[in-house]
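Take a look at these structures.
You will see subunit A twice below: alongside subunit B first, and alongside subunit C after that.
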Partner chain A sequence: MLNADFVARCKRHRVVLAIAFLIIFPLLMPFKAIAVNILIYGLYALGFNMLFGTLGLLSFGHAALFGGGAYACGLVMLRLGLPWYVGVFGAVLAGMLIAAVIGAFAIRTRGIYFAMVTMALAQCLYFLADQATEFTGGENGLRGIELKTIQLPAITLNFVDPLTRYYVIAFFVAIALIVLSRILASPFGAVMEAVRENEARARACGYDVRATRYLAFVLSGGFCGLAGAMQALHLSIVPLETLAITNSGLVVMMALLGGMGTFFGPFVGAGVFLLLENLVSLWTVHWQLFVGAAFVCCVLFFPRGIWGTILLGRAR
Partner chain B sequence: MWRVVDPLDVFLLRIFILDGLTPDLIALQLFTGLALGAIYVLLALGMSLLFGMLTVVNFAHGAFYMLGAYAGIALLGIGVNFWLCLLFAPLIVGSLGLLAERFLIRRLYGRGIDYPLLLTFGLSYMMVEVIRIVFGTNGLPFETPDALQGASDIMIGYFPTYRLFVIAVAVVVLVALWLFLERTPYGLIIRAGARDPQIVRILGIDVARVWLVVFGIGTGLAGLAGLLAAPLQGASPEMGASILAESFVVTVVGGMGSLVGAVIAGVLVGVVVAMTSLFAPEFAQVAIFALMAIVLLIRPQGFFGRAGLMS
Partner chain C sequence: MSEVILSTEAVSKSFGKFRALAGISASFPSGKLTSIIGPNGAGKSTFFNLLSGAFPPSEGRVIFEGRDITGTPQHHFAKLGIAKSFQITNVFPQLPVHENVRVALQALVSRYQIWSPRANLPELAERAEALLEIVGLQEHRHRAAGTLAHGQQRALEIAMALAANPRLLLLDEPTAGMSPEETRAMMDLILKLASERTVILVEHKMKLVMGISDRLLVLHHGELLAEGTPDEIRRNETVKRVYLGQREH
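Our next item is the complex of A and B:
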């Protein structure tokens, strides 16, 4: 049915296929709002997966990068009064900057320490945002981020319309996909995988393992910051919970559910997670129990995640 | 975060208003830090035990802490007195820990250090939700037992009796744990199992059972910490979330897997939080993370951690 040649061709054109999927995706979804959410969290999981899946570095503080980007976008627009695209740009920079600071501490440690230190430092940022009330809105979150229309040279886009909003965000996601694909295909991407597979050998080959990790963490921060900016524009508010531990855990769950280390897995994971959450919460408020159970089963029986298991089945 | 460090603390506030910042006040706040540190020590001890022996980073540690508080509420609800709670609540939590190890975590040994971590994270999600279903989403109050209410004279001033009690319990548990690990045959097996499980297995000892017991002790300690903290802050399903990050800080500062490190870092972090909340309350929550950052810069493996252990 599917021969190896076809699979290999799919792999080569994964970016094109992924973008094509993103274009038809909202037409398949009953509610556009879920599609937008899946897009944003998929991008967030993509940034996380680059670190955990490709490099094998488990961070439990990605909420700081995502939330930092969301806050940066909102602050640029509200406090500086600059247009939204500057906010998006600022969010990418902020994500990378926060990653650079957290990374400077966390990279000093190795292995399992990394998860704990990133989590603790993200928690620190959460408390800082909570304290700086006059600047960030504290517990109430950052309110009043408004984006109604987008002026392009030829046309004016109505950002309030769900489908238009989806495609605007999808545009940024597509750029991120292209950039990520380039990074993974570059020599640097190969070094990342080498470090994951065998750190000692990579070091013996003369690669700077610590610098690789640091750079990957900073780049991951850029993707997550972008996702955060999209979230801020989408919700027109940045809740304080964006920075909370739960948000860090969420992305870990999504990436693992979808299949870490796969290119499209994070989107599958984000989609399954959010759909599951929506479906289960229709008949019980205790959706966390089922999502938690699904995650535990995934860790126990499908460590490759949904997409990873499908790919494995195809390869056989 | 635990409100024991709240500057609105009645006893300390009274002195503060009357006399300003006196040495006595600082000494009393030091004691507050010790009480807070006692909770941290119990949590970090359990966490270090699990990591040192099983190389499991328990992300459900905060959830087990929360379970300890709710086990106390359930036991008090059926008429058990507080003193027996102190015994039974950790036993209940520890038993649940045993079940988790036996049926879930055991399957993941040898599959990479990240998997038990991820599994316990998912488990904590489920535990929090089950507690919400059984006890409701809102927090519940937890009465301080009558015998421990009020304040006692500790030479430098009056200090809440219950907090002295918390410190005392932590010290007793510490001594008991030390005696168990250092002076009993079973403790010897545990220590040997931590150093070289393979040799211990060759000597004919069922290492899997040793690990099961260790997991029970570690989670039981977390349960005890939760029970002790409940009269100070009440019980809520989310109480484990932020304490988890804080106990990570303690474990990282002390050095992963080091029990001595857990004790010293726990006390240190408790005192630092208490002191910061006295002089700069708005930074109390950030202070411990700053402390961790400094320690990481100077000594990445923590006070008593072995360099290269984490690789």
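Our next item is the complex of A and C:
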């Protein structure tokens, strides 16, 4: 009973706890670069998980939203010469816009067909970016995105410093966590759960299932676009692979590893995945074999994912 | 006859070459409990699905309160004042019982609000509580709906159907798969609900509805065989031949 109570209390303060964790996290990590990557991919998985875990829609085209955001951020800064924060804002809009376009086609389908349509449309964007060489840099990627210092009214932040960079990105992740938490706690959050649980019933209640999915897809695009912008600022380059199909698959693995439908699971999933990748690749180049094995074990034995299983254990 | 709330004009439905319903014209008086009966395969469920808007008829029209609602999307029905329960139990299994009803209530006031907290709509939670009391589920409010007994899930479904405060309630075999005890409780509940609104009931156990219905429609092979009061139906020779002659199971 004490445990269940504890979990309930944690749930109420999930945003504060998550942000507190993000603040101490880099101090626990040996390499700051991994911490930054975990943040970025955690945010990406968070946006994906809203669609997959909360609404039950499996998209295989989320790279288009993540990569689209990264390109948008880079293009706004390089081609329009606007400051980085406009780029970040543009990335969120681009993520939502691309989701709005892909969603308009994909939302009529469901299940495996939805996954296929989103994947096909994401591939279109990949080839578009590949062909529009003058604009996007083609297969060389979009190079030269520079952000060295951030001027705040009181202080100047050195974005080159790994720890500072981490906290700047963590700031945006914290905003995303607050926004997501509000969406999940809103009446619309209840509608998403209802649609996931039983589509026919939700429709009979008076909910427009298609419109609900569409809105959720667009919102998910906003989170993924933001994650893309963070990636662009972090790497100073947008590799073409950001839009690749592997990036769509990656986020599915991370969300499943962490625990679909849990609030903090996406970060756990991204963290475990990236740490495994980094640690195992120190020892062998065949790291994917081990990460893949870990993933298979997770799906077979812990279908709720790592974080989902921990939460379940605590609630008992 | 009293005012008509719902009527069909020569509705037919074909699935490929199979003609499930052949030109049924029927009307349902307001404030009454009408049961649609017929042997298995008579087209009852198809007719129910046409009335509840699950799919449109191949031909013909459906009129609700003088308005043509043929082809209206399902999610508009709650707003029109029509609610239904499903033949197969249909709840939100992982959500708590109370949330099932609350989310059904929410459909009328908030569908796309993404920023304000749910807790800002406390009247929904209170009304959900009241509906759970009507169907006798208030003590199970925190349980996941999927863990309820079959009869309780059916009762929960009715609470959800009532959320829209419908003028017309459509029930598809509400006692299917229930124990005699659960069936009796459900029949009492249906009578209680029918005293306040129009109810249309689909049932293949004829005995069950004879006692509680104001009117009966008998379907057979996709056609309307007879309609009338329970007494008239009981005396109808054709009905006796095709339906009552059969052994009920």
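Note that the second predicted complex is superposed on the first by the 314 of 316 C-alpha atoms of A that agree within 3 Å, B and C clash if a C-alpha of one lies under 4 Å from a C-alpha of the other, contacts with A are read in each partner's own complex, and residues count from 1 in each chain.
Methods note: a contact is a pair of C-beta atoms (placed from the backbone, for glycine too) under 8 Å apart; a residue touches a chain by one contact, two chains touch by 3 or more.
No experiment lies behind these values; they were computed from the predicted model shown.
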Which partner, subunit B or subunit C, touches the larger number of subunit A residues? B
Tell me the contact category for A:E146 with respect to subunit B and subunit C: first, second, both or neither. neither
Let me test your reading of the model: by the given contact rule, A:S186 touches which partner, first (subunit B), second (subunit C), both or neither? second
A:L121 contacts which: subunit B (first), subunit C (second), both, neither? first
With both complexes overlaid on chain A, does A:D161 touch subunit B (first), subunit C (second), both or neither? neither
Subunit A positions within both the subunit B interface and the subunit C interface are none
Residues of subunit A touching subunit C in their complex? 182-183, 185-191, 193-194, 197-198, 200-209, 211-212, 215, 219
Can you list the subunit B residues touching subunit A in their complex? 51, 57, 59, 104, 107-108, 111, 113-115, 117-119, 121-126, 128-130, 132-133, 241-242, 244-245, 248-249, 251-252, 256, 282-283, 285-286, 289-290, 292-293, 296-297, 300-301, 310-311
What part of subunit A is in contact with subunit B in the complex they form? 58, 60, 105-106, 108-113, 115-117, 119-121, 123-124, 127-128, 130-131, 199, 245-246, 249, 252-253, 256, 286, 288-289, 291-293, 295-296, 298-300, 303
Residues on subunit C engaged by subunit A in the complex (per definition of touch): 52, 73-79, 83-84, 86, 90-95, 99, 102-104, 106-108, 110-119, 121, 160-161, 163-164
